[in-house]
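Each chain carries a letter (A, B, C and D) given by its place in the written order, and its residues are counted from 1.
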């Protein structure tokens, strides 16, 4: 049984609390949050204790922590928790600055404890099935990957301002998808972005619509499309062309009903947002973490993966500004 | 909080145990089974007590029982539990004989406690969405309903022999679907069945493939197709033609991945069987039962619904033997 | 080069005129119609001569006639044309009465000329692909066939009155599909029909909605659903369950565009009616006729097929009236 | 009646010959080809005369020419034919060099005769339906366009060498699609390409896989993906995200049959290549040309459109070499 402390009792903390407590091999023993009431409320629901972050990290009976706090605390908490001997599952991104993330990476390496980054999409059953088919060689050699990732609605501008920008905050998931599905890091990145969904996002110095192409050293290509707004729901799709065929993972729809009338044939929309679409992924992510920690086997997503995705986000941010292709080696 | 006793710790009992204990408004306090070890094992998993059926029924602190025992005990347990003042959710069918089921119906009516029959498909999110669209009038007046219901593989012949036959055991779900979706009972039933999947099923006096047409007094029609074997998985679909259009509820697929190669475009199969397809339906069914019992509101499925479906099954069985249309009034 | 006379210059005659004149191996030389102006107009479009039916049948330079006249003339024209040595492609049905059709069948057999009946759906590329897959054994042994066939809108009641009724006029296509796809004739037929689309159709003694089940001697089953009204377009689908899987042929949609909005995902309707859906089938049908006549090989659809479909229609009509299963042997 | 001369009797010339002669308002009177036998053979099929290109251009009884010769002759033939007073429909691209194409554009403008470029995809019923929906405002303001265009198999390297490269030869269709669907020209282009399908294509200095992003002055974005090889067939899809939704145009499949077995659910592949997929588009393209020439109305595709697409191809070629975004103004 893995005793787990949850740092952060916000929206995503709630998701993780459920996953931790539903897993037969883990027990949610303590929860902290800067909002003490939130920690108390969530603790009450799951029979855990509301404690401070320091208490949780310093409690030797706690084996692992799940970091679901604000991004600016991630690096510090990874360092502190691994120094205290704990295994860590930390929400993405590792940090808003690549420099800080790399320092964290070095510190965690010295501490020698497992650190997994919460790229939950790898655990979505659909993307996982696509990845398995790629690994079985079902489409031969991979050549051209396309990732579509649209949110249903833009976040508040207040959030955008502290988010690190679309490439670090939103597209970072897709950068990890590209590395995971293509089995390696791109050599160069070219990005274009604009603010056409909400002019206030542009005024805040960010983009809301972007396309990034990624070039691998062996000539393979990937392209990512992001938009902060798809009014029909969370659009999360992947297509991978290979020498022997094409693999596609489509959206998960709200139901399988369709209606044919004189106006056409109407079917359901995609699941609304990440809580709906990726609920099963969060459970599978946690189960994979527990398995790896218990067995001492390789983590399915590592801190290195988190740093790599951040480096690509940095390259994309620079490319979108300069209009030039940016090599990863220059980052 | 509803204190619940579970009668039956077999495969479907396991499903219900999970639903009962996951629901915030119910607590699984006791489990019985003729196989005492099964009751003990399941009780252990959920922190419930393993007790006898009599103890559970006679325990005044238990508010409700879920009957998941063998079919020949259903009527008796409904009667005993309602006599003891408990609310009951009982698996289908009410009984193998219509006469006994009707006696149970009268007894339960006298006892005055809520009895719901486990027609879980009404709680499938897809069929529920279709029903809601019908009720909103989205296809106008309903005219012609088609239900496709194929199992992935036939049960053992030993099961078939005690099952009451395909119409009572398997198609009874579809008879309920027809009554529910069409909003009433058919007037007459015409059935044809044959044993072409497994000759041993025929040798046991049952059919494994059948088509039943149902005629409503106002001229509306329904047709049900059953097969005990669809090698590609559990095929559970509904189509309803109305004056303003057609509503269809398709299968739930294992994932959304498709693969295009020189051999064609291949996508996932339907979810394998009822445990996979209807897991969410079992949870929703239990939640609806708890809501109705707690609020005293009308049950979404009643014992009358269970008896009606059984009467149609009886009519279909007779029609398949005689080759003649059988009126429900004659049953 | 096959010199062809076309008897009938109505809507379906126009379709055939185009198919005949587009085929490199046939020449449309003459057209007749009771409406002489119609014959003249259509002849003008295709560089053919407008002549009387008698002139066409008696012209030894004409090798084949296509009969696209009103149903009550079909039997007579088949007899006259084959007596004059011509090959015949005749629209369905052979006749409104089975007795007359059988007399025609005997006469044509004596005359020894090829007679093909226009069951155009066999030549639809989708149904033909399904049939080819069945014949290659892709789903093993066939078990349960389902045919959905809905028209977009009911015909005028004046047409209904002289049509012979839904089973002879509309479902006859589906009876042929069943025999073709199942590879033989059913043993018994059970039908139910009602008039719920248009009460005037009921007042005229016909039905507008019907379900027919067909039982084969080896236990295999088929079911046909017909409605005179599907407001979303011509619904023409087939599903065939076999021991190794299910084959389905879906509708042909007007285009491949879909639109996702906050209201759902909307795609195109099925092609509106038979002229749109089956245009390619009419060309393929004519090409198959020309091939068979030129090569002396077996016709892909025979006069026997036409008589068989009519016999099933007769059985269905009787069954719908009596509520009893009717054997084909009794017809 | 429009008297038409066809210049070029190759594969695409054959397609056009059929479209011209099937149209009730045009007559194919003469065909030329450097391969005189090819011109004779095709002329024979359609009752046209085999003549020289000069004879056709100088024949005052010929109203229009369709240019389906090798690309290096297009500009010259457009100039000569318009100088001789003829309307012209010319296959894409206008020329391999932008400079020459622009000279042709000026000359044709002076000659004042209608010149249409054969961007056939605009006439595909699916893309046309998508465009019509955009124009009706069904997805609000357009924001992000995605064009997928994969050939089933790479052309011979001998062809690649004289083709002008993937951007001018293949992606030029997609550049026109982008301008057409977005209603204007992009401001800047960023391209990446590589040779991973066939190393000989790389050795010949070309790419076989490419991604191009296009930036509009108002911030809207488009992305095009090209591959010379999709083993499952011709993959031709468009997706357009707007403020109110997403429009998608999918592939046209070979048929509507699907097969469900224990191995999954398999459906048909996309139509194999452009002759299959775009046959209806070629007919519609010709009909639109005839309509515009006869009525004197605006051509649906102009020589300007052809020059614009070529300019974008030029920008993309430069960007792929330099790794920098290239503005259209610099071309």
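Here is the rule we use: a contact is a pair of C-beta atoms (placed from the backbone, for glycine too) under 8 Å apart; a residue touches a chain by one contact, two chains touch by 3 or more.
Small disclaimer: the values here were computed from a predicted structure and weren't measured.
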Distance-maximising chain from chain A - centres being C-alpha averages: C
Selected interface, B-C versus A-C, where C-beta contact pairs are more numerous: B-C
Centroid spacing, where centroids are CA-atom means, of chain A and chain C in whole angstrom: 57
Whole-Å separation of chain centres (CA-atom averages), chain B against chain C: 41
For chain B, residues contacting two or more additional chains: 230-232, 235, 244-246, 260-262, 268
Partner chain C, residues of chain A touching it in the complex: 230-233, 235, 253, 260-270
Residues of chain A defined as touching chain B within the complex: 125-126, 129-130, 133, 138-139, 244-252, 254-262, 268
Complex contact set, residues of chain B against chain C: 141, 143-144, 146, 148, 150, 188, 190, 192, 194-197, 209-211, 213, 215, 218-221, 223, 225, 227, 229-232, 235, 239, 241, 243-246, 323-325
